[in-house]
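Dropping the structures in below, format is structure tokens.
One chain, chain A, appears in both complexes that follow, with chain B as partner in the first and chain C in the second.
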Partner chain A sequence: METSTSTNMIWVLLQRFGFLLVFAAFFGLFAVWNPVFLQGGNLLNVIEGSAVLMIIALGMTLIVATGGIDLSVGIALDFGAAFAVVALKSYGMDWFGAACAGLIGGSIVGLFNAILVIGLRVSPFLATLSTFFIGSSVQRIFTNGGGPISHRRMPEEFRNLALGDIYGVPTEAVIATVLVVLYFLVLERSIWGRRIHAMGMQRSAAIVAGIRVNRILILCFIVASMTCAAGGLIAAANIRMFTPLSGFSYLLDAIAAVFVGAALHPRGRPNVLGTVAGVLFLGMVANGLNLMGLNFNTKDALQGIILVSALALAVAQQRARNPLVS
Partner chain B sequence: MSYQRAFSLQGVTKEFPGVRALDKASLDVEVGEVHGLVGENGAGKSTVVKVLAGVYQPDAGLVTIGGETLSPITPDTVHAAGVRFVHQELHLVPHFTVAESVFLGQERSGRLGLNTKAMREETEAFLHDMLGVDMPSSRLIRDLTTAERKLVQIARALIDEAAKVVVFDEPTAPLASDEIETVMSAIRRLTEQDIAILYVSHYLSEITDICDRVTVFRQGKTVGVFDTITDQSGRDLVYAMVGRDIADMFPVKGDRVAGPGLEVVGLSDGRAFANISLHVEKGEILGIAGLIGSGREELIDTIYGLRKAQTGTFQLEGEPLAIKSAAQAVDAGIVLVPRDRRHDGLVLPMTMAENVTLATLDQNTSLGLENRRVARERTEAQITALDIRPPDPDVVTRLLSGGNQQKVVLARWMVTSARVFIFDDPTVGVDVGAKSEIYQLIDDLSAGGACVIVSSSDPVELQGICDRIVIMMRGDIIGELQTEDLSVDELVSAITGARDIKNLTDAD
Partner chain C sequence: MPINPVRHRRISEIIGYLPLIIFAGVLLYIGLSAPNFLTFRNLELIVMQSLPVVLVCAGLGVVVMAGGDDVVSGGIDLSIPATAVLSAGIIAVMLTQGWPLIVCGIVAFFACIIVGLLNAALVTRIGMTPLLTTLAMFVAVVGVNNVITSSRRINVDHPLIVALRAQDVLGIPLGIVVVVVVLAVIYFVTHQTRWGLHLQAAGGSRDAAEISGLPVRRLFGQSFVLAAFTGFICGFFVLARGSGSSPGVQDNLMLEMVLATFLGAAFSARRVVTMWGAVLGAVLVAAISIGFKSMGVNVFWTGLIKGSLIVVVVAFAALARRGR
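So, the complex of A and B:
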């Protein structure tokens, strides 16, 4: 158009590269405000600190891709931590046995969700909400009111899940990265991923196409909860104890990361790379706001505002790419 | 009667990346007439409707409503000018009552909040007086038949009595043939109220039946305006639409292989139908006819494993077979082209290639990872074989026209080694040209030795492509007709129960 002005240009730029620009803008802002932000140690901190959230968000991505949502990711994390700590402390298992026990403990949560959703035909939202209530209560009963189970003499190998490093890279970051790659291959490149996305977008069409949606859904719930349990292992190793109900704090961040990721996708699908971007964005903003030394109480509000503006731009970006999708 | 122009579009052009959907199109509709708008898929009919709705902004041209040139054209200004839409999709909330649905977004409120009593009464009065039906306004949408939902949708568009122009977009597409008349007579009543009606439809028989004038679109251009419409106008309209004469919609039958195919014995679902037995040979096309509520749709769903069967056994080529889920049916080589392709046939947000290969993912894989190159090649082969347009494997299926969407569903099953093809209302919402192509494809399948079942609400279609037709009524098969020497009228009278089938067969 002839009337194009510089504001117009900026708008076009924002539409095209919106989220990336916001990411870069905040990165720059944080760096200028407090040079510590840019130091290698701090950036590594952001990544390391995001590892558990990344793992939980992967599990969430899987369930959201099936067309549902999982409000019990925190419970799966708690169960993973609890089973592992009890296996180490009361049964004297080695680190590997304890890790397996933790994953199995987490899978109970997924299995329970699957029974509710497929067997009883409860919607995923309500089913996993029930699991969340029941799972929270189970933890309180088991710990006589919610006290932590600590294990000071945790084997070194188990502690290394959180505190060790592999060729200088923190183990938890390595675990998270491996899971990201696996999830990416399965969800975005494999035939199972195609089936999962198909049933998530249009379940009835997937059924008519001969896809065994119930079987896939059961597997997804179990895999997602085991993934969250893996996050629980790291959390337990980090603080050498199981703290009941600690998984809850990841729930909302994980949902936010997954939906940021979906908004970044050109066709609005939940996807692994988008989730990674969402988690890192949330991690960066939290860390940056911390370093700005802001009042703790205003942090959440700022985080929310930043999130909404980034999402609005991502949606504008989608529209610019697909003018036919209104 | 002095003609008064209700609305007009002049020289409207609308381009999308790579497509000129409208190319200086024009359309004039006068007060008190029913104006038909016809054209093949992709001719620009739905784009015109969306321009008129304010959803798309035209790149050039004028939209005039009631003598006023509209600018800007937004959904609000259009609504304020008195334009109302009755869309093809029903867009109703299943858990709302009839009255709630009619007044959704335009609720009547009294001194004490919502005036539900007034809304219920007004709804019932409107349905009775204007549309000629009696329907309790407290019924839930989910309990209504498709035709009743359509009437609710019409009532919703017109209840405020401010409508000057009403656009009907494929109003009869989801309806069975006996339900169409209900909607048509409702539309006829509306013209008595000085309302201009734009009637967009694929069904030329309806167009010639109800319209006073017709505008024909082809490739985004206005190619003809017919000022007088008679029962004989159909052929001229088709000629204008496709730019050539379609001598014969239906393929000519060639030689067939024979042999035992699918046999269903004593199938019941415990609700919609009971003790149904039927068989279809290899190389045969079996038709299933029946009105809405005859159990025809439920029977198809049960054969395909989408509904639970209470009793009944299946045999395919002499081998017993268990079908408890759609996945089992597909594994056995039985495939369905569903009646609601937008909902059950396609994952609309996915691309054409993703949809075409959805049922055969196992074959495009190396180590569980999808081989996208193979998927693309297979899709491209199908695009050529079925002439799918646009010929782009990466196009999102939501953007395809009805006929091309149906071809994508068909393409998915063509790449499998299916032995039984079930078509459920295969040409609903499909234009004349694509319809004829789909009939040819169905015939090719059967000539290749597949068993084909066509369940349809269109008697012309059944008579045209089937070898044999079973007729369902109230959950029962009441008879069977050979299509040779069967006239469409005879078929219709058999389906509606106007004539006993015994008399029909005896008369031969």
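So, the complex of A and C:
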């Protein structure tokens, strides 16, 4: 029990607005440390740099909302990049055909997950883990050990997916924003979204209520992996090559962003706006620490520690607001 | 459709044994194709290779025992491999600075226990899900370890560490003896003591345990500390196996740990994660990776084989459960 009311007040305030305060505190710290952080160009950098993670995290949000988890988002990203680059390089397709090929490549991963989870009744965690193993191996076999496939003379239109801009806004940021809006409308404002959340919260109740759980789950896995493949297209366009196994690096950040977002939600559900906040927080911290000019290892460690603390704070805040959420 | 209930049960029992049969079949196939695979010397090498994974699997087994075996909401500790690497990193760095091994060990011990306590506090006090907590902790601990070791490889040739790999006791390698002793202690603590009984009760049915007045949260927290302890011990074996600490060991260790532990569930009669199942799983996974390598199968294929194994084994386990 707190004896003084003023410390009690601070505690309550911290619990209620903790995450927001931390967000603001980091923002302030970075701004004071290096004024460059606040310049419009840099803030745009943060958004542009977070675009791919944002897209991956959206796919992850969808799967976590169904009550599962997807450890194979990186594989879907890699497949998207690989199919697109191969379509451009070996089949001479135009940018649109290549993009479609990439999305189809990604959907294979989702379909595979769906078969494992629904057909064979493997739990999503183990199913997507084995998809991760199998997908990594397939990439190694295909590239003969993991060498990148580069395509220097990539069509201008395809490159513009990453490097172009639409009325001054970077294309990748536009794509990410469009996807955020679409996901928000579908997941939070439509009957499909209701059904997805319903089956994520109480699978058996959703079945009793007549929701076609399996069909929705299949669709969700495919849509999520296609979304990740779209992220792969941007990543491939950015560096003009396909680097095998590069998607793995997004996995932990995507999971973290989704769960920070879920913790910010009043009922602890994964949600699109929360995910956006989570991704922007991670992007801001990465950018700010970079501008501090820290050694690479120190930066990595700090990022990890900040991640743990932010998650803890977000969850603690949610508990304080609503102790009944389990 | 009339089904003979007795025959039906027998079929589902056979399906239940299929994972073991598949493993036995694969090993036999390797044994026939790679002539030296089934020699005593090679089997000993396989067990030696699997020791670090065996240790972390035992730790994960305890956490799953205490938290229930739902992967997402139940007990899981993905940070054990990171703890192991942290332990290895601290010992390696301090040894090169000339500290005696015992001092290095004590420092590493406390560092690992702190990680375990942090996990426990975040999960039981703040109420974060174990999967998320330990995943984030994995990232943070690996980051800290990279600062400690500057992401460099550090060679270790301390006689005691080398002995773990090379010394024999009564014809059995010292490393195997040590791990068996550690496993026996963990087994005794979790299966033969009152505390262990409470721990299993907490994981078996959280609500029932809470109603009976068991301190479920504290027990769950303690399992994370025990898991961190296995990570600490594993650090020595990581050093012994790799002749030092090298960056990046943790990723493979984590994947193999999860693979082996949940494969192990398929070997238990009730299809739950058990410590022995996890240990058996770890040895079998090592046997199969080494076996395919000695058959001359390209290493690119190992991920495919491992992934398919999870699918086959877990799917058959699910089938057997449905048939019952």
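Throughout what follows, the second predicted complex is superposed on the first by the 315 of 326 C-alpha atoms of A that agree within 3 Å, B and C clash if a C-alpha of one lies under 4 Å from a C-alpha of the other, contacts with A are read in each partner's own complex, and residues count from 1 in each chain.
As a working rule, a contact is a pair of C-beta atoms (placed from the backbone, for glycine too) under 8 Å apart; a residue touches a chain by one contact, two chains touch by 3 or more.
Computed from a prediction, not measured in an experiment: that's the story for all the values here.
Enquirer: Taking chain A as the common reference, can chain B and chain C both be placed on it without clashing, or not? Answer clash or fit.
Expert: Once both complexes are aligned on chain A, chain B and chain C clash.
Enquirer: In the overlaid three-chain picture, which partner chain does A:Arg212 touch, first (chain B) or second (chain C), both, or neither?
Expert: So A:Arg212 only meets chain B here.
Enquirer: Taking the superposition as given, does A:Ala316 touch the first partner, chain B, the second, chain C, both, or neither?
Expert: second
Enquirer: Given the touch rule stated above, what does A:Ile104 touch, chain B (first), chain C (second), both, or neither?
Expert: A:Ile104 contacts neither chain B nor chain C.
Enquirer: Would you mind checking which one, chain B or chain C, touches more residues on chain A?
Expert: Looking at chain B versus chain C, the one contacting more residues of chain A is C.
Enquirer: After lining up the shared chain so the two structures overlap, which partner does A:Leu21 touch, if you call chain B first and chain C second: first, second, both or neither?
Expert: Neither partner.
Enquirer: Answer with first, second, both or neither: which of chain B and chain C does A:Gly304 touch in the superposed model?
Expert: second
Enquirer: Looking at the overlay, does A:Ile191 come into contact with chain B only (first), chain C only (second), both, or neither?
Expert: first
Enquirer: Taking the touch rule as given, give the residues of chain C at its contact with chain A in the complex, in rising order.
Expert: 71-72, 118, 122, 126-129, 131-133, 135-144, 146-147, 150-151, 255, 258-259, 262, 298, 300-308, 310-311, 314-315, 318-319, 322
Enquirer: Can you list the chain A residues touching chain B in their complex?
Expert: Contacts found on chain A: 185, 189-195, 197-198, 201-202, 204-212, 267-269, 323-326.
Enquirer: Can you list the chain B residues touching chain A in their complex?
Expert: 16-17, 55, 304, 306, 325-327, 329-331, 335-336, 338, 343-350, 354, 358-359, 361-362, 364-365, 368-370, 396, 398-399, 412
Enquirer: Applying the document's contact rule, which stretches of chain A touch chain C when the two form their complex?
Expert: 68-69, 116, 120-127, 129-138, 140-141, 144-145, 252, 255-256, 259, 296-298, 300-305, 307-308, 311-312, 315-316, 319
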